[in-house]
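Note that the chains take the letters A, B, C and D in the order they are written out, and that residue 1 is the start of every chain.
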Amino acid sequence: MNERVSTARDWWLGFDIGGTRTKAGVVSDDGGVDRSHLVETGHEPFSLVWERMLAYADETIASEGQSGLRGVGIAAPGVIDPAFGVRNLPGKVPGIEDFPMRERLEDRLGVPVRCINDGAAATLAEWRFGAARGYRDVVGLTIGTGIGAGTIIDGRPLQTSNLAGGVSFGHATIQAGGRTCLCGNLGCAETLVSANAVVGRMRDYVARKVPSTITDAYQHDPGGITFRTLVEGVDAGDRVAKEIMAQYCRDLGATIVTAIHAYDPEVVVLAGGPMAQADHFLPQVQAYVDRYAFRYPKERVIPILRAERSDHAGVLGAVARVMQAVADAAPASSAATT
Amino acid sequence: MNERVSTARDWWLGFDIGGTRTKAGVVSDDGGVDRSHLVETGHEPFSLVWERMLAYADETIASEGQSGLRGVGIAAPGVIDPAFGVRNLPGKVPGIEDFPMRERLEDRLGVPVRCINDGAAATLAEWRFGAARGYRDVVGLTIGTGIGAGTIIDGRPLQTSNLAGGVSFGHATIQAGGRTCLCGNLGCAETLVSANAVVGRMRDYVARKVPSTITDAYQHDPGGITFRTLVEGVDAGDRVAKEIMAQYCRDLGATIVTAIHAYDPEVVVLAGGPMAQADHFLPQVQAYVDRYAFRYPKERVIPILRAERSDHAGVLGAVARVMQAVADAAPASSAATT
Amino acid sequence: MNERVSTARDWWLGFDIGGTRTKAGVVSDDGGVDRSHLVETGHEPFSLVWERMLAYADETIASEGQSGLRGVGIAAPGVIDPAFGVRNLPGKVPGIEDFPMRERLEDRLGVPVRCINDGAAATLAEWRFGAARGYRDVVGLTIGTGIGAGTIIDGRPLQTSNLAGGVSFGHATIQAGGRTCLCGNLGCAETLVSANAVVGRMRDYVARKVPSTITDAYQHDPGGITFRTLVEGVDAGDRVAKEIMAQYCRDLGATIVTAIHAYDPEVVVLAGGPMAQADHFLPQVQAYVDRYAFRYPKERVIPILRAERSDHAGVLGAVARVMQAVADAAPASSAATT
Amino acid sequence: MNERVSTARDWWLGFDIGGTRTKAGVVSDDGGVDRSHLVETGHEPFSLVWERMLAYADETIASEGQSGLRGVGIAAPGVIDPAFGVRNLPGKVPGIEDFPMRERLEDRLGVPVRCINDGAAATLAEWRFGAARGYRDVVGLTIGTGIGAGTIIDGRPLQTSNLAGGVSFGHATIQAGGRTCLCGNLGCAETLVSANAVVGRMRDYVARKVPSTITDAYQHDPGGITFRTLVEGVDAGDRVAKEIMAQYCRDLGATIVTAIHAYDPEVVVLAGGPMAQADHFLPQVQAYVDRYAFRYPKERVIPILRAERSDHAGVLGAVARVMQAVADAAPASSAATT
């Protein structure tokens, strides 16, 4: 993954700002990652995080050489303006909203800087450096506490005036009249197929003492339940675990079918914690999609791929975003098809 | 977009091929429609329809003058390749699949020809000539026997390698595990909010003798039930009609919220037969969307607009599509933003 | 079934009044039926039906002998007062409500007369003469245009002050928020598992052109669809038919589980048209019940039996009801357990 | 029923065995409760609980006088044989299953003893001494960690061979395909309208950080959430709380409608913790029932009453049960109606 073979001098800088930690790395043209760095950010003000980001940039420039630095990409959660920074991110990182990241960093470093939503970054990382290389139309979903999303149409991230195009797909209504989501909507994909949703369902069952191996194992430690618990229950032959898993496969299948009907991707890439157990559900989800997704040509299969670059998804996707900007600005930029 | 100062003689030709009839018209640069023409196509082979289309083209050229003809647009249902014709349209018009419309017509007329899906055309018509003028990001839905859809991102129709991007949104799963759709999927928006779906629900109620003014009026003529019947029931204070309408508003609201979360439009435009009764449901649908759609900036309202150009939606949208191709090919085409 | 071996002199008279036809028969102590008679009643006033019932009684008395006549039972749809007649039956048979059947017939014939709801009669017929002989607690469901129901607790039909105990179970809510029922409630068992409901679903699919062998076969004759059509589709391997059937089995299973949780029967008896195809769904329904019904003792199976006396269900159940009244009135009536 | 002129000394003994505590009391003929006594039982073996019950019996006999003791009633959770004791109660009280309570106590005290399920007892208490006095057909539901139920038909508790008649109604399927219940079934009333279910839903929302006053108040103390929390949220105008409450009213309404369609009661009595806040939901539930319950006569209202004797529900209901047995055994026992 990490084999870097580019010319020694060309390099990119990538940041991935999260609610509890920020990652950074030096990225080569072909997606190699060096000097990967992790900072716990806790709930401190963004100005402190920013200082550490600058320190990291200074250090890497000192060792890699300023001349080779081609650009900087920054991934972050929330509503992101590529040419500015974070526009909307309620609560998670105090002071991050309306901080002019791009301007500050371009002024300081003199190279192009672009920002990107972290779900979009994960998809772009796979498209440029990972499982979705070579495709033009890609949807990526990251299954975590919520459902992150990114969409690539004709080789470019979907981009809209109000900045949320393709990144809010985790809030598609899959179950009209269903449970209320973090976003306020009812029956979002996120309420059904996020890791949080599944864990919440298991905890609810444990609290209601539904007989199952999960209740047996976790009635005194419901906080210890994870997505893996579900897989263990299925492996143990537990009936309730199997029912929850069947529901999960159906709902994740319905979510992906909806993504296909909305965006017409050639492939779908899945990332996130539950993918470590993908063998236990991905075949069923693929079968659901094969059965229920409309596609043309009819015999076409739309593969659901596992993300390959999850370790550095945000860093790589952010760099891929600034790479695109640099390419767009180059004189040889090819004309769009009409 | 493409500020071309047109001469008095400039004109465009538009066709809108449907399952039972084909429309044609002469379109001016600003969306005026002349010589609107309608042909019943029944289930005859497409070659016959094509001959009549050519005859219409010849006639109009004879009277309008060849020199002013700038291009030809063709709208049709199914999976459409803009630079070819219809790729997939099971059953409706024999022989239409794989007919090289664009090539044949460009060879004959010597002007640019483009094809477009009819749902996409309806949206493009509104964006260029109707209710959605001046916006960059638009979703349009046509509520008919099914749900047609079109999506405009950053001023251009969403376009994917497999040709279905943005036009299959009527098959988004709104009710996981719901009724089977024409497309094979379960719980599609189309199974809930198409005119057909609502009429089917009323007929089901009449067949089961559910007491209501609808059953009273139509038990001997269930074939006479239309969307208007529902509105009349609501106006008469019928409890069952009010329940069906409330469900309709919720499901249409959930469909639009999903479109917003998928595409991040600035506006949504609705067309189709039921819109003649829009006063009876649009305010409730707008309220649902205001309540449940996530958007940034937060105070932003996403208006749900009524289509203004429904009479010529296909013809105008097809012309708008070829207009775009002509503009793209012009030397002054501006560089894409990065 | 029909082997009559009682003393020549003892006999009972049974009537089964329906919306479109009335049946009658001479019944022996052990449930043999003779002189079975059928009258089409159409929508004529009940007074005309009554005259024919009296004529039938006169004829049979003339031939069987008055001295052996022990009692008369009358089954009818709607809310029935055993010691009076029909109290509530909107629309079906003009003039039947508040007609003092029992009084009139007791005055004329001088023997005990009792009335009973037709769903309750079907259950009582099975309990006394058919599949449920020897059990003390029985639920019977008749799957027809609606869902008829009858409940026997401790060897007696459930009977309440307001006369609807155990006969309205087809209107249990199985799907909260579901489709409106004939009775006005939402998501009743009847809206999901009656023959009408299943046929309505298939017709809806055909109207929406959902691809399936059912649509192929009936698109020009949706009125020809019956429950058997579903079974034929399943046999033909049709995917949509299989999905509808799976849903049917789940919903019928959920209905029976609810009946078990409400009434705690030892057995459940099913009657009605779809039972002619019971091999195609009963095993799945039994498996659902085995899996999801709570019961004590735990290893107990609650068999779902096929009705054996459907040909004369109403006549036999009505006679069983008056037999019970005659037994209750006898001096040797055993004391109730405490 | 049993107009016995009691002497001043007549008294009854009632016990109410629970998973965590056992109550006892001395009951007068008219439902007065004296010497109410509470024992924490924890998870100790039933033999220890039994010893304390005997000690309590001895004490009260010593002070009240043996001669006036008419009978003893014992309420307990699980499957109860009135003439024996507890037949099935997994896990809650070690050793209670198959303990011959009635035989032991009758041998020791020389008076009639009867046992009863605690949900049935709560209903019987209301029928004999509380809100449902004077009715013949009553359904009672106790909303607690689960949903207890009891059914009185024609003035007697519903009683079936397998002992669960009328007490398992909390496991009626209200939402086919819904969440798994403690009992193994899917979508039981208990999974939707028990206090546990509602609290679980709120905790799930808090865990998923759904914005609401409930999340604000309890994100660091989800264990502190109770049914009252929901009412406080509604009072504070919180949108999410109002949505949960609306769902609760609908689902409780659907549960009661199903009870009405199953048992045809004249009244429904509700008990349990949430009833302390009944003003916040009972009117809406009554309105739902008025709208959706089928009943005859049509203008009849089926009142949903608040339990009046909840403080001693088990003790009083158990005594009511043995009172019935004593009355049945009396020579003047009236003949059953036929």
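We adopt the following convention: a residue touches a chain if its C-beta (ideal position, glycine included) is under 8 Å from a C-beta of that chain, and two chains touch if they have at least 3 such contacts.
Note that this is a predicted model, so its numbers are computed, not measured.
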{"item": "Repeat of interface B-C, chosen from C-D, A-B or A-D - more than half of residue-number contact pairs shared", "value": "A-D"}
{"item": "Cα superposition angle of chain C on its copy chain D, in degrees to the nearest 5", "value": "180"}
{"item": "Distance from chain B to chain A - Cα centre to Cα centre, in angstrom", "value": "33"}
{"item": "Distance between the centres, which are taken as Cα means, of chain D and chain A, whole angstrom", "value": "50"}
{"item": "Whole-Å gap separating chain A and chain C, where each centre is the average of the chain's CA atoms", "value": "58"}
{"item": "Multi-chain contact residues (two or more partners), chain D", "value": "177, 184, 186"}
{"item": "Partner chain C, residues of chain B touching it in the complex", "value": "179-182, 184, 186, 191, 196-197, 200-201, 203-205, 207-211, 240, 243-244"}
{"item": "Partner chain A, residues of chain B touching it in the complex", "value": "79, 87-88, 136-137, 153-154, 158-166, 168-169, 171-177, 183-188, 192, 250-251, 254-255, 257-258, 260-266, 291-298, 300, 324-325, 328-329, 333, 335-336, 338"}
